[in-house]
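Here's the structure, in structure tokens; my notes come after.
A, B and C are the chain letters, set down in written order, and residue numbers restart from 1 in every chain.
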Amino acid sequence: MAEIGKTTEVQRHGGVVILLLSLCLCASVVNPSFAKPQRIISLNLCTDQLVLLLAEPERIASVTWMARDPAISLMVDQAMSVPINYGRAEEVLRAQPDLVLAGRYTYAPTLAVLKRLNVTVTLFDLPNSIADVRAQIATAAALLDEPERGAALIADIDRRIARAGADVPAQRQVLGLRAPGGGTAGAGTLAHEVLLAAGYDNLADRLGISGFAALPLERLVMAMPDRLVAETAYGGLASLTTGMANHPVLDHVGRRIRLPSRLMMCAGPGIAAAAEHLADARR
Amino acid sequence: MTVLALEDVAVSLAGRPVLSSLSLRVGAGELVGLVGPNGAGKSTLLKAIAGLLPHQGRISLFGRAAIDARLRARRLAYLPQGGQVHWPLRAREVVALGRLPHRRTFARPTAADVAAVEDALARTQVAELADRRIDTLSGGERGRVLLARAVAGTPELLLADEPTAALDPRHQLHIMGLLAGLAGKGVAVIAVLHDLALAARACPRLLLLDRGRLVADGAPDAVLTPERLSTVYGLDGELRRIDDLPVLLARSGAM
Amino acid sequence: MMPRHGVSLVLGAAALLLGLVSLSTGVAPLPMGEAVAGIFEREPGPAALILRELRLPRALLALLVGATLGLSGAVLQGLMRNPLAEPGVTGISGMAALGAVLAFYFGLANVLPYAVPLGGIAGAFLGAWLLYRLGGPAGDVQTLILAGVAISSFAAAATAMALNLAPNPYAVIEIVFWLLGSVADRSLRDVALALPPIVVGVAVLATTARALDALSLGADVARSLGHDLAATRRRVIVGTALSVGAAVSVAGSIGFVGLVVPHLLRPLVGAEPGRLLLPSALGGAVLLTLADIVTRLLPPDRELKLGVMTALIGAPFFLVLALRQGRLAA
């Protein structure tokens, strides 16, 4: 009867454990963002790509249906193993995400609804430079809590682009870039930087064009670039601007390089693949 | 020479019989008045002769039982009631349309075509209206221009449906005189007329239609007897002659 | 007969002249001598390329399509005895666009290169037939307008739906081309596809001249003048379907040319429908080429669609004509 005041070791350890547990519990309730996001939704093709590259499939609630379209997506296989959404607010709400990524130009009414219902959406602009690409990958990696993966991806892209630009000749070939519908990418666009990095001069830049602008066929023909990228068949499906039938005059305008323009649209390894392909074409 | 022969002709429109058991002959140079009350089938008869309606029985034109449409068009002219002209054509252009059957597809009008048009304009006394637009002419003037169109085709058989309808008495007489002149030159003319007195005066022969049947065929006095006026027209009256000109004296409408 | 020939000669010369102006008009200043010299070479320089591959098809199409629309407008007006008739207003062009769209976007052109003009022709044929069934042989103003509205509305809606459901997602924005029309950036291939049906269709339409003249006096008199109206109607439908169908399949649905041109020429040439055919064809060529030149002279960053230009002129025209006709009928 004399030992009543003494605590046992188990009791003492148990007390510490309970204290620690309760601290952790408090921490997670008070600061939920410290935990890795477990239900990630992407509402934009470019953010789809980032999410699929950086996060495990189990943590992805859904990406857009476009990620499975081989004509525009670079990650079709990966997209097959996660659910897809059609960009609608209901789908987002039903999934109760803890992280939502979208593009600046994702369907505005959907974004408005989500905002009204207090769902936090992080918006990503279209990257306008290689620096933008690095920044977006880093931001996404931070949000997804995968900083090492993000850093590795950036390093890989940098390495590949550097290799592509290794042996640039003194006299660069002029490359004309024609998107479906007749547009081109001038100075201040991602495509422009990729072209330059791969060792070409951008025809649009030479013509004084900056940003995205229309390039009339006549001006393109008159300028006679050395190489031409003109996106043709959209997966073989007919359309006036992307169909099999590009205007016959383009057959005479510079040597064609077949390069899908979707490679240079998003922040991701696509730009490295594009730079490599372009560099190969000039060797 | 027989220009037109009908043998037991019947015509139905929308399932309803309009003409039945019609037999008659018309020779060259005859001026025939086709009379009868409303709904008797006069217009239908003209259309059937012109080949515009299907019919049972035989209609022989110019001695043939069957005739090519283009050939018929050169020898027969049809002038419907209340003729419309859909475009603001000049009178001369309207009359010139009458020469279409005689013109080869892409050929210019020949001297003969031009002469026929001028002749038709003169005969119908619309020469001074030749360059006027048809939509600016009065009803009567328009009627004469349309008749000129039919005349310009130099037909051997002229079918006219109420050619005097919108005309004042002077022009009515003039038109009937014109038709008589054509008959004198060998053209067979069948004219639907509403005015019995005018018909009796101008036409040596009348055909009286009643409810699709030919009830009388002969000289006006023989056709328009008081009995016929009563049974066919429901009129209590007679055809009188004043100064040798026929006048319709209608005392009342008998029921 | 001099006036008619005079007008046609003037219009023909104007069409030729405007064709040449069209060849000289464009975004890039073109050294003409160099361009013409290099035109037959196998590897032509840029100037000759632009002239041969870009400007020549454009000028040719403007002339061909314009002539088709002018002529078919004059013929339809003659047949329907109504100055409001023309392929756009009556919905025939719209149906042609629908046919071409169905053939093009659903892959038929991969199977058969001629599929798109054939689709346009089939669509135009259906449109003309529907118009005849709905509007009647001698439709009054209201019936014709209503039939045309019904057919055009259906055609536009069906075209929009087809483009929406097309496999290629770019299809949806291309609706502007099909509903408004354009001859920009067309190729010699397009000209080659459209030329045979247009030539045949125009020839067939030309043979209806006399029957249309006779129809001025009404159907009965026309028949008594020896014309087979059923055959005439068939020729109008077939000729219109071939020429308008092919034209729309390469240039989209351009409206109002067939309405405006015959109307403008009637005071000069006379109201006889047959007489209007050749001048209307030439006048249509002149009008459309002129409109196409104007679209290229306007502020360069946004080229106006050809159909917008013709609609700007033609729609008020149509309104005035319709009101005037309605007042006459009332």
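Criterion: a residue touches a chain if its C-beta (ideal position, glycine included) is under 8 Å from a C-beta of that chain, and two chains touch if they have at least 3 such contacts.
None of the values given here were measured: they were computed from a predicted structure.
**Student:** So how do the chains connect up here, line, ring, star, complete, or something else (other)?
**Tutor:** Basically the chains just string along in a line.
**Student:** Whose C-alpha centre lies nearest the centre of all protein C-alpha atoms?
**Tutor:** The most central chain, going by mean C-alpha position, is C.
**Student:** For subunit A versus subunit B, what separation do you get between their C-alpha means, in angstrom?
**Tutor:** Subunit A and subunit B have C-alpha centres separated by 87 Å.
**Student:** Determine the centre-to-centre distance between subunit B and subunit C, using the mean Cα coordinates as centres, and give it in whole Å.
**Tutor:** 44
**Student:** Starting from the mean Cα coordinates of subunit A and subunit C, work out the distance between those two points in Å.
**Tutor:** Centres of subunit A and subunit C (C-alpha means) sit 46 Å apart.
**Student:** In the complex of these two chains, what residues of subunit A are touching subunit C?
**Tutor:** For this pair, the touching residues of subunit A are 180-182, 214, 216-219, 221-224, 234-245, 247-249, 252-253.
**Student:** What residues of subunit B sit close enough to touch subunit C in their complex?
**Tutor:** For subunit B paired with subunit C, touching residues are 47, 50-52, 69-74, 76-80, 83-90, 93-94, 97-98, 100-101, 103, 105-106, 108, 146, 149, 153.
**Student:** Hey, which residues of subunit C end up touching subunit B in the complex?
**Tutor:** For this pair, the touching residues of subunit C are 1, 81, 207, 209-210, 213-218, 220-221, 223-228, 266, 270-273.
**Student:** Provide the residue numbers of subunit C that touch subunit A in the complex, in ascending order.
**Tutor:** By the definition above, subunit C touches subunit A via 26-28, 43-44, 46-47, 49-50, 53-54, 104-107, 109-110, 166-171, 173-174, 177, 185, 187-189, 301.
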